[in-house]
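Structures for review follow.
In what comes next, subunit A is part of two complexes: it sits with subunit B in the first one and with subunit C in the second one.
Up next is the complex of A and B:
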C-alpha cells in the first residue's frame, strides 16, 4: 500500500504524497513522502517559521549573549518562555529577550537607527554581557534593513562586544528548518575560527545539534567529562558564544540532531577536516553504541566500556521494570523531524512498544528515509500533518499514547488519549541512560493514569445500578431509593 | 502627590510586556462559534500565538495560516489567501466565519485583502457553495502598530462593522467584555442573570474552560454566533467593560445604528462593580436584586477581614492590559494598598495619560503613583535594582523572573498566566472577583511571610 489520501484531505488531494503506510517489500525510494516543500495554505499546519528555527531552536539556547530581535515586538514576545533549554549561567538565556519594537515610522523610513540604539541600550542594561545575536524578521527583511552594517558599526564603536547577525525572516523557506540552515551557515561563515579556546584534553569534541532541553546536554557533557573528553562547542545547548567561535579546534564532531545542525558539521568537515560522527542519544543500545564509537575514535575504548557498564548497572533494572509494563502499547510520534527515526527503534526494540504513526513538521526526505527504514510495516508516516489528519489517524490506529507538542496534546486529551511533550519533554532529561528511564517512566505514568478510566465512564449510564443489584444478590440494601424518580438521582445531560 | 506619567526612556524593548496586534485579533476571533481565523503572514504569526493560548488555557484553538513563503513576499500573497480560504471552506463543512487577519509582512507588501474577498465571493463561494454562507472578514492588524490591545479593539470593530445589521429591536444589551478569562465571563453572565438582563456577549469565551467528556465531545470553543454579532445593531445599548478593548466597536454601533455606547469602568473591585450594576440599571430599568447586595456584602466582609491588618500600605507594582491595570490599581486603593507603579506596554500613551480613572485615582491618594508608558519589564526591574521597595507585583506570567529573582511576592493576573494552574477559571471582575483577588493576594503575602519568617506568628491567631 503506497500513499494514502485521508478522507479529510479529499479537498486537498496533493496531501496524498505526504502520507504513506509502509507495506512489506516496499522500497523507501519508491514511496518516499514529499517533505520540506511548501505548506498548503489553510491546512492548519503545525509548522513554525524560519525565524523560529533560528532564534527559538538554535540561537536562543546560547547562554551568554543577548537576543536582539529586529522586528515588531511580537516576534520577541512569542518566542520567550516557550523553551526548556537550561544552562549553567543562571538560565540567562531563558530570562531575557530584546526587541527593536518596530513601529510604522520605522517601516517607512527604515529601522537601522532604531536597531543601533536598541543594541547599545541592551549592552548598557547588561554590562556583563558582551555578546549578541541580531535576528532579521519579516518586515525588516522586506524593507531591506542592513543589520550587518549596524552590527559592524556598533562593534567598532564599543570595541569590546561581538555581534552575530542572522537573516531569518519568517517567510523564508517552508518551515523552521530554513532558519536552522541559515543560522548554521552564517555562524560557520561569520564566527567559527574567530576564537582560540583553551585546550585542556587531547580528546576534544563539538556536541552538535543538542539543545540541553531539561538538561539533556548536561547528561552528555557529564559522559564526555567522565571519558576525559573536552567539549569545545556545544551547539547550542548550554553553549557559550565564544566557545562556539572556537569549534574549529575540536577533533571530532558528535552530531545529535542531524536535521537542525548537520549543516555546520558538514562545513566543519569541509573547511577544517573535522570528521562527523552521528549518534542517537535516546535508548540504551543507541547511547552505548554512540559512546563506543566516540571511544573508538580516540582510542579510549576502555573508558567508554567503563562508562557504559556503570550506567547500565545503575539504570537497566529500572528500565526493565517499565519495559514489562510498556510492551505492546501503541504509540504515535508527532514531533519536529528527526525524533521519529531516533525514537522508533528504541521504543520498539528496547521497550517492546509499537510505533503506529509518525508525523513530522519540518523533516526532509532523508529524515523519512531513516524513519521508514527503521519503522515498522503498517505504520503511518506523515509529513506536515494537520489537525484533521490527526483525528483520522487516531481513529485508524487507536494509540495508547502520543508524543507531541503541548497544543496537539491539549487536543488529544479530549479524546481520552494521554500525550507526552515530545519537544520540551514532560520530566526530562530524556537523553542518555537515565533519560531513557525517564521517558519510560513518563510513558508508564501517562498510559496507566487512573484518570483515563474515569474520563471514559459516563455516570449517567445506569449499568452500575444493575451491577450493584447483581452483587447484592437480591439482599435488602441499607437504603431504599426505590421510590425516587431517576431524574432526582442525576439530571439528564 | 499624585499620578506621575513617564515614558520609557529607551528606543528598544528589553523583555516585552505586550504582544503585537495580530495576537489580539486572534484572541477575539477564537471567541466566535464555527470560526477559524486565517492569519495572513508567516506561519510563526499564528503557530506561536496558538502556542501562547495553549500555554495559558491548556487547550487547542484552531487558527490557520496563509503560509506566506518567499514567492509571496516578492509577488504578493493574495493567491495564498485564495488557496487558504478554499481549503478551509472545503475541508470544514460547519465553518461559517473566516476572519482574515493581516500581519506586518502582508501589510508591508500591501496585499489587497478586500479585493481578494470580493473575488472569492464571486468566483468561489457563489459558484461552489451557493447554499452556504461563509463570511470572509478582513481585519487589518499590522504588527508594527500599537499592540495586542489595539489588535483586540480593531478586530472587534471589524467584525461588528462587517456583520451588524439593523432589523427589529431585541431588548438586549451588548456586553463588550474586553480581553478576559472564562472565569470573568462566567461572573459577568452570573451578574446579568441576577439582574435579569438579556444580553449579547462579545465574546462568549466561557467555553474555553472545556471539559473532557465521556463521549469525547468536549473541545474548547467560543460561543458567540454570527447571528449574535449581526443582532448587536438592534440592542438597547452597548456596555463596554474595557475601554481600550471594545470601545471602537460600540462607538460604531452608536454612530451607525443609534445603539448608545456606555463605557463603564472595568468592574474590578467594589466601586467599579457597583458602577457596572448601576449602569445596567440605568440602561435596562432592571432593579439591582438583593442577591447581588448580599454578594457585595460578602466581598466587603472578605476585604475588611484582610485590609487593615495585612494589606494596608503594601506597595504594589501592576502591569498588563491597560483596563486591567487601572482596575487593579483602583481595587488596591479600596483595600488600602498603594499601587505605586503602573506599567503600560504600548505607545498609546496619549490615551492612557488622559484616562479619567487615573485622574480620579490621583484625587484619592496621598502618595505618588508612577505610571510608565510604553514600558517593558526592564522598566520594572531597573527600578527595583535602583532601590524601589515593592511588597507585591500584580501581572501576567511573562514577568515571573522579576518576582523570582528579586524575591517579590506576585499574584498572577490577566493573560497569560501559564506558570500557575487554572487561574483562567477564576474571576477578577464582579464581587466574586474582588473576593478572589483580596484572598489570593492575602494568601500570597502569608506564604511570603512564612518563607521569610517575617511576623509569620501573627497568623497563629487572626
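Up next is the complex of A and C:
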C-alpha cells in the first residue's frame, strides 16, 4: 500500500495519489507521487502563485535594478522584504520596491499609461539605477496591458535604460513553479547574449539557482574567489543585471536549485554548449564533492583540495559537537521542492538524524524521484500538502523538529513543536561548511530550547500571578483573569 | 569473483543503488538530457575504470562527463573494493550493466509524466 489516503482526506480521495510511504525494495519507476498538477478543490494548499515565483524567488534578488510591480499594491508588499536575500550594494533590492498601485478606474480604462508614468518616475527617483524588471500580475494580465510595448517606448525615449518584462500573472500555472519557468525562459530569450562581460580569469562559471539567502551565496562566491574562479552570472542572489546578460560567456553552469533555475541551465547547454553541473551545497561531504568537481573541470584540483582541507579543519570539530546531540532526532522537511533531496542525506548521513516526512509545495515529478531515491524506507512523501495532513502526519511520526515555511511554521509552533524556517533560514548562511554548522546549531537550539515545554504551561492561575495582579492594582494593569478556568484557556491554546 | 556472472550482476545492482541515492545527473528533467548524461558519464566511467590516466577531453560537455565519471569511479573503488579484483573486460561489462539498469529505471520504465514533454 504505497500510496496513503489520510483520514482527513476521506472527502477528497484524489489526495491519495499525492501521498506516498516508501516500502522496502520499491523503486521510483514503480511509485511516484503526482506532482505539479492543479490543487484539488477542498485541499487547503500552501502553494504560492506564478508572480511569487518570478518576483519573490528569482527577480527580487537581483541587486542593481528597480522592481516594478504592475498591479495592486498588495502584490508588491507581499513579495517585498519577506526573504532575506542579501547583496553587496547595501541591499538596495531589499529596501525598495515600486508598484503601479492599480485601482478600479485603471482596471476599467487600462493601466499602460499609468505604468509608463510609474517607470519614468522610478528612474527619476533612483537616478543611479538604469535597469528595471516589470512584473505583470493577475489584473493587468486580464485587462491585456502590453507591458513590453510600454517598456520599449520608455527605453527608446530615455536611451540609457534597460527593462526586462516578465509575464507572470498569479493565475498562470499551478504554483509558483510557473513563475520560475517564465522568468528563466524570458531572460534566456530576451537578455542572455546582450552584454559582453569583462573576463578576468580563465576559469569562469555561472552560479545558477542560488539566491544568497542570508549570505549563502557570499559563502560560495568566496570559495570561487579562493580557487581563482570568476563568477559571471549569479542567477540571481547578489546578481548583477548586466552580468546576467553575459551568462553565455561562462564555461560551466553550476546549478544549485534545479527546480527554479534548471531551465536556464539547460537552455545555456543547448544554445551555447555550456555544461550543467548540479551540486548539493549543504553538508560537508556534498560541499566537498561539489568543489572537487568544479576543481577537476578546470584542472585545478590542488586548489580545491586546499580549500576543502582549510574549511574542514576550521568547521568539522564544531559539526562533530552538534552531531553528538542531534543523532537520532526525528525531523520533517516541508519546504518548496529541492531542499527535500538536498538535505535528506546530509541530515541522515552526516548528523545521524532521521528524516521521517517530506513534503513540497511546488515540486515536479523529478523532485520526488530524487527525494525518494535519497530518502529512507518508511518515510512519508507528500506533494502539495495541506494543513490537516500536516497535523495527521505530526501525530503519526511525532517529530522532534520541523523545517518548513512561516505559514506552516506558525501552525507547528502552536503545537509546541520546534520549527525552523526552511525557506528564509533562521540564522544562516546555511550553505558551505560554515553554513552546515549554522544549520546544526539552529537545529540544536530549537530542539533543546526549554521554551517549548514552558510554552505548554498555563501560568494564568498560578499563585505568583495572583500576587503580581494584586501588586499592580488588578484592573489598572488591564489584566483580568477572573472567571477564567484553566480548562477553558487550554482549549484556546 | 572474477568470471562469476552472478557476482557481476549482484555488484551492478549495488552500484546502481549507490548511484540512485547519490548522483544528481541521472535525474535531469527530460528524456534527452537524462539519456545523454547517463550514456555520457557511464561511458566515460567505463573508460576511466580501466584507464585512470585517460586524458581530459577538449569540449566542455565531454569534460563535464569526464569529471562526473572520475568522481564516480573514485567512489565506486572506495565503496566496492571488489571491483579492483576484476579484469578489464569484466570491469567494462560491469559498468555497461549499471548503465543499462539506469537507462531502464530512469528513462525506459520511468513513470515521470514530464520526461517526454518536448518543451520545458
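Convention: the second predicted complex is superposed on the first by the 451 of 493 C-alpha atoms of A that agree within 3 Å, B and C clash if a C-alpha of one lies under 4 Å from a C-alpha of the other, contacts with A are read in each partner's own complex, and residues count from 1 in each chain.
Keep this in mind: a contact is a pair of C-beta atoms (placed from the backbone, for glycine too) under 8 Å apart; a residue touches a chain by one contact, two chains touch by 3 or more.
Keep in mind that this is a model prediction, so the values were computed, not measured.
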Task: Figure out whether A:181 sits in contact with subunit B (first) or subunit C (second), or with both, or with neither.
output: second
Field: Of subunit C and subunit B, partner touching more subunit A residues
entry: B
Message: For A:289 in the superposed arrangement: first (subunit B), second (subunit C), both or neither?
response: second
Message: Tell me the contact category for A:365 with respect to subunit B and subunit C: first, second, both or neither.
response: second
Task: Check whether A:406 is in contact with subunit B, with subunit C, with both or with neither, and answer first, second, both or neither.
output: first
Task: Return first, second, both or neither, reflecting whether A:131 touches subunit B, subunit C, both chains, or no partner chain.
output: neither
Query: With the two structures laid over each other on chain A, which partner does A:48 touch: subunit B (first), subunit C (second), both, or neither?
result: first
Message: I'd like to know which partner A:415 touches here: subunit B for first, subunit C for second, both or neither.
response: first
Field: subunit B and subunit C footprints on subunit A, overlapping residues
entry: none
Sites on subunit A touched by subunit C in the complex: 27-30, 32, 36, 181, 185, 251-252, 258, 262-263, 266, 269, 273-280, 289, 292-293, 296-297, 299, 345, 364-366, 369-370, 373-374
- request: State the interface residues of subunit C toward subunit A in the complex, per the touch definition above.
  value: 20-22, 24-25, 27-30, 33, 56, 59-61, 63-64, 67-68, 70-71, 104-106, 109-115, 120
- request: Can you check the complex and tell me which residues of subunit B touch subunit A?
  value: 10-16, 18-23, 36, 38, 41-45, 47-52, 54-55, 57-60, 62-70, 72-73, 80-81, 83-88, 90-91, 103-105, 108-109, 142-145, 147-148, 210, 212-216, 218-219, 347, 378, 382, 397-398, 400-401, 405, 418
Message: Which stretch or stretches of subunit A touch subunit B in the complex?
response: 8-9, 11-12, 38-52, 68, 71-82, 94-104, 106-107, 114, 117-119, 121-122, 125, 137-139, 141-143, 169-175, 387-388, 405-408, 410-411, 413-416, 455-458
